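For reference, the structure is listed below as structure tokens.
Labels run A, B, C, D and E following the written order; every chain starts at residue 1.
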Amino acid sequence: MNVLNFVNAFFSDSAHWQGYDGIPQRFWEHVQYSVLALAVASAIGLPVGLLTGHTGRGGNALAFIANAARALPSFGLLVLAVLLIGFGLLPVMIPLVVLAIPPVLVTTYEAVRSVDPAPVDAARGMGMHESRILFQVELPVALPLVLSGLRSAAIQIVSTATIAAYVSLGGLGRYIIDGLYQRDYEKVVGGATLVAVLALATLALFWAAGRLAVSPGVRRR
Amino acid sequence: MSGFFDIPSDLQHSWAGLIGLHMREALLPVAAGLLLALPLAQVCGRFRWLYPPVLGVTTVLYAIPSLAFFVVLIDYTGQTELTVMIPLALYSLVVLVPAIVDGVRSVPDETLAAATAMGFGPVRRYLQVQLPIAAPAIIAGLRVATASSISLVSVGALIGNQGALGNLLAAAQKYDRPELAVNSVLTMAALAVLCDALLVLLRVLLTPWMPRGGSRRKPAARREELTPEGAVR
Amino acid sequence: SSDDTSDNPLEGEKAETGTVVVGSNNFAESTLLADIYGEALRAKGLKVSYKHNIGSRETTYGLMKNGSITVLPEYNGSLLAYLDPEAGQESTEAVNEAVKAKLDKKLTLLESSPAEDKDSVSVNAGTAKKYGLTAESTLADLKDIAPELVIGGSPEFQTRRQGLKGLESVYGLKFKSFKALDAGGPLTQAALSGNEVQAADIFTTDPTIVKEKFVVLKDPENLFGFANVTPLVHKDGLPQEGVDALNAVSAKLDTETLLDLDARIQLEKQDPLDVARAWLKSAGLD
Amino acid sequence: MIRIDSVTKRYPDGTVAVDRLSLEIPDRSITVLVGPSGCGKTTTLRMINRMVEPTEGTILLDGEDIQRQPVTTLRRSMGYVIQNAGLFQHRTIVDNIATVPRMLGWGKQRARERAAELMERVGLDTSLAKRYPYQLSGGQQQRVGVARALAADPPVLLMDEPFSAVDPVVRKGLQDELLRIQDELGKTIVFVTHDIDEAITLGTMVAVLREGGRLAQYAPPAELLSTPADGFVEDFLGADRGIRRLSFFPSAPLELTTDAVVPADAPAERIAAVRSPYLLVTDPDGRPLGWAERDRPTAGTIGTIEAIGTGRLLPYGRPFVPGADSLRVALDCAVLSPTGWAVAVDDEGRVTGVVSQQTIGEAIRAAHSAGRAEDEKAAG
Amino acid sequence: MIRIDSVTKRYPDGTVAVDRLSLEIPDRSITVLVGPSGCGKTTTLRMINRMVEPTEGTILLDGEDIQRQPVTTLRRSMGYVIQNAGLFQHRTIVDNIATVPRMLGWGKQRARERAAELMERVGLDTSLAKRYPYQLSGGQQQRVGVARALAADPPVLLMDEPFSAVDPVVRKGLQDELLRIQDELGKTIVFVTHDIDEAITLGTMVAVLREGGRLAQYAPPAELLSTPADGFVEDFLGADRGIRRLSFFPSAPLELTTDAVVPADAPAERIAAVRSPYLLVTDPDGRPLGWAERDRPTAGTIGTIEAIGTGRLLPYGRPFVPGADSLRVALDCAVLSPTGWAVAVDDEGRVTGVVSQQTIGEAIRAAHSAGRAEDEKAAG
């Protein structure tokens, strides 16, 4: 019953390392789903968050939308989407994107809102255009928080993308669902471990992105 | 028999019954999480070096898919509600611990110094000064944890009818009745929104001391909007 | 993978003494059969409670053993394949004997009904046309085609003998890949009709076979063996009048009837419990 | 009396915040700690109520080592007021003020009554009692902070830059309020500020600290201004030392002349009798109107001062009140006056005499030598 | 010249922040807007660079309505400095300063050179160029803010309480720096503060605003001090008006006496020849040592001043530099001196003479009447 034994057994079985059901393939599928979902969520959440954060208008509407989106259960959305749309990537992307939008949107909005108004004021007083103020003054300062929103979304996506397996797609969730029905704990624990590893890798990635993209003046280091 | 509220007999509950079940499975873990998080956060606040590792551990826990949790737990707790509720309680920790720690830390140094100087002991100071002032942050955390919990209960359907309203999703597939899935999703969303509204109300009741409305420029007013981003799945 | 679950604390809520707990797996027919058993028992004045949608056999068997469930609708051959993957299957009786021999001492099979619902490998109309497969084709005919086909089935199909393993060892079939779906449920039906998979594990009582013009491949080697609907019961939990009631049900239930009842649920969207009660009434078993 | 005895505070990171500091803080007076940022003022103050423990040295309260008593008892016997008041934002004003009494076990009713009493004492309308801190202005919050510190009537009050976050006008009001309260209640107040003006306004004794927490000078403000111990203190005191020091000399001893004060309707003889070159013209009630130049004929007859109507009187600047104002005010009035004479008035604003800048200068010198004589007596 | 012409600003919520304000802001000088909190200073300033649009009235820049030009062009022609500097924390100091030049399309190299030049101009070491704002002290940050505003050499500089967040000592330094920069560059500066002292120190013209954004008085600081328009302005100016006004009178015209200045090693005859009751004793270089009393024998012979060695000389207080210091400093020195005489020194600190408080008083009166005469000439 030792979880570590399962992990060990799972990873030392060479059959788990090759083929369409092998770890590399499933891992790669999982990464693909996650990146796609995060990209879509960012494409929606970032511009809206930046804009509303910059103007300060629409914050209440935004909070409402974000809370409503939070209230939608991912698993439910998935099942519903499959029933209504059928198979494919789309029904999986819907819950993942809905899941990721609130953190991206709200954090981006908050990040821009909470930028010290003084430099913004100074920039405006210098005759900077609004778009320039947003991208050259507010965004660089808001970046750590924006990244943290993206990170939070990414981790949730990575963890939740396992549901893709429930509707017969691949990804690391495959091991968990299959393990459940086959009553094969090695697979469940192995799959969960892989998800956790991917989550940690995501954390590391965002940490590195933060180091690279955030100005030392903002990091204060 | 194919109506919106016609629940298949094998779920053995009426719609209202499922709602009651769902609320129990969703809210008890949050309550338990809060009870656990309070002392944990206090310890993290006390020994600051402990906070980063605790955050790390909770983040990893939080990355583990709920289904995997359920499956592993079945062996210990059987196919019961408990199996669903334990992971949910753990997930709520991930949101609540940072919310409480940050909330408690957000108490201005001056206020703390004033309390200390008045002869407040550590316990009294925590209970009478830090905790009340952290209340908005804690409730913000509870809001996220509750929404998340309500959503996650549904995954319990996969381990054998333990998903309350989520069982409707399984039934929708089994009998090819999409309206059941719609019912499930909408009901869960409505419950989440309702709980959220109740928590906001609670916050308003608990914090008559917070500036309202027009004074959004003050930093204190900003805090409430800053919901921690935690384990919403 | 884990037959030996006796030390698992799969306790669940232990059945209340005197109450018969009827369980079911997570597909519609299982629910229907459980309802039929349960209502038939109830008609005999027994206290009945249900535990539906539990999951795969891998899970339900454990719950049977520890007494959480008293009665479970089973399919004799499939159960045998689970208990003894290598066992051959010659006849319903032989299968039942073999099962009883392998069963946990606390469990037993009651009488099988003539109604049969087997796993099968079916291909969709397009595939059948492409490779010239007909209702007369057998699994052996897939030998050369299989590497070009994606096969779908429940996740457990992948590891069971009455699944990929047996298909390979008995017929030498190696499919291109396996797609995990559900236990012959809507996912599988949709995947097969949408050509997501070209072959799938479909239950022979599935009304969509007719509707979607799926071609069920014959199984000359009896890999999927016999699948007579048979109640699996816990010896301590069921009084004699219960045994009699279930045997009476088995006697009346045939494949025709099962097909009809399934269609009522799946196609006409009737509630399984209503369907069960109606049939019991019409069969004079209530 | 609080006695700080050769106290050193070294923080764990090695910073020496306070370095062998010794101070005797007299009872029932305001002792101000002043110095540049980071010179250890806050650290010193907090060592008194043991929010910071000294690394070396002892602090005695009424002769007893403060380490001897339980820390909460010690703290409850000392009020503590800080910048931005440090109010409990989650409690109403009245509950904020009643905090310590409640902690000491007073009944709710009694604590609230006490709070209401204190609100009045610090100049807050009791209608604010049920408000929350965010509903108050900075100055009002600061008053609540003072009231809260006074609530349990502690003998000692520690104040750490309490007024530095409010604007200068409000600040002045708070300082006056504090002096008034101190007059009434006679607490032992230790007050930290980095504003030397505030130190001089409030302090009975002023301790000037320098970087590294070393004492540069400890003296009454007048002495600080007259004889700064070294260049550091002198720089810190800034310009105007001399004039500011005059605040400590009363204007009462000034000899007033009434000869040049003439009512507007005075007879010509009266005016002719004036010897000084300027005449201070008053209205019938004796309030000053302005200066007329004796040798410079105004529009009308020389005899009666017709200047009044013509508005050609010279402005008299501002008057001073001999009993209440200091020599500084008198000198300012003299300097402001185009004639060099300052106008003295009584409480009602009626002229009691005029005094020349020269006379004021003599008074200043006299005050100086009196001070010196005292110093010499003390030294000898 | 900036001309604010009957401008009113009403915010959407109904607050009238500025009420029919008219001001003429002269070129190449510092115009200060001062007044209590909320009186519309910031609003007025921001209307000049159109960060706030007036509800009524017009603002003319060199005769042209500012509404006529594109808003960004207008803003780029005006430097803007605010409290806490408002630096871009993600950019280095040099990049902060180079912001506007870069926006105007200057090359990177040229913009950086310009930035380095400006850092020197505002008194910042160029070694700080690569630092980030958080690595600077408040005063340094404020200097960067000024440099940044000056970067594109705009003719106009708008400053909104730029120095109010730094401590008094640093603030003094920044004010001096600003005056020096203004001397060198001759910008048109509009400066907002709520500190009347700062207004008087910096302003060529001072506009005192009152609640509701109405102009109370607009005058040069000396005039403000001598003749406040009404009670509001008088209250706002506070005490010491007279003495502060002396800052505007130079001490150069004071007649110095050298008779009483005696080197420590002077022969007895020289000492005997002194008529005044006090002698200022200097060292061989001519630097002051202290006062000796002629009629009070010191420890040694009367003839040679043995007092020096015995330390019994009276302190001479602080000296003033006739060319550089104002009458205010001279008076302060006199008042501080126990003898009532102020000591004048040259740049090197060598005594150039002494002057009595009485003489200073006469100089003050003379300055007054000179001012009056000018006023009359202006009026007549």
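Here are some notes:
The working rule: a contact is a pair of C-beta atoms (placed from the backbone, for glycine too) under 8 Å apart; a residue touches a chain by one contact, two chains touch by 3 or more.
Here the structure is a predicted model, which is why all the values come from computation and not from measurement.
Chains that touch both chain C and chain D are the following: B. The chain pair sharing the most C-beta contacts is A-B. The geometric centre of chain B is 55 Å away from that of chain D, both derived from CA atoms. Annotation: 40 Å between the Cα-based centres of chain A and chain C. Chain C and chain E have centres, each the mean of its CA atoms, that are 96 Å apart. Looking at chain A, residues 82-83, 177, 180, 185 sit in touch with two or more other chains. Multi-chain contact residues of chain C (touching two or more other chains) are listed as 55, 59, 186-187.
The chain pairs satisfying the stated touch condition come to A-B, A-C, A-E, B-C, B-D, D-E. Those residues of chain B that touch chain A in the complex are listed here as 59-60, 62-65, 67-69, 71-72, 75, 143-144, 147-148, 150-152, 154-155, 157-159, 165-166, 169-170, 172-173, 176, 178, 181-182, 184-185, 188-193, 196, 222, 225-227, 229-233.
Touching chain C in their complex are the following residues of chain A: 20-21, 82-83, 86-87, 165, 167-168, 174, 177-178, 180-186.
Touching chain A in their complex are the following residues of chain C: 1-2, 5, 55-56, 58-59, 62, 152, 154-156, 158-159, 177-181, 186-187, 190-191, 194, 196. Chain contact summary for the complex, chain D toward chain B: residues 49, 51, 71-76, 78, 80, 82-92, 99-100, 103, 132-134, 145, 148, 158. Every residue of chain B that touches chain D in the complex is listed here, in rising order: 108, 110-111, 113-121, 124, 129, 132-133, 135, 207-211, 215, 218, 220.
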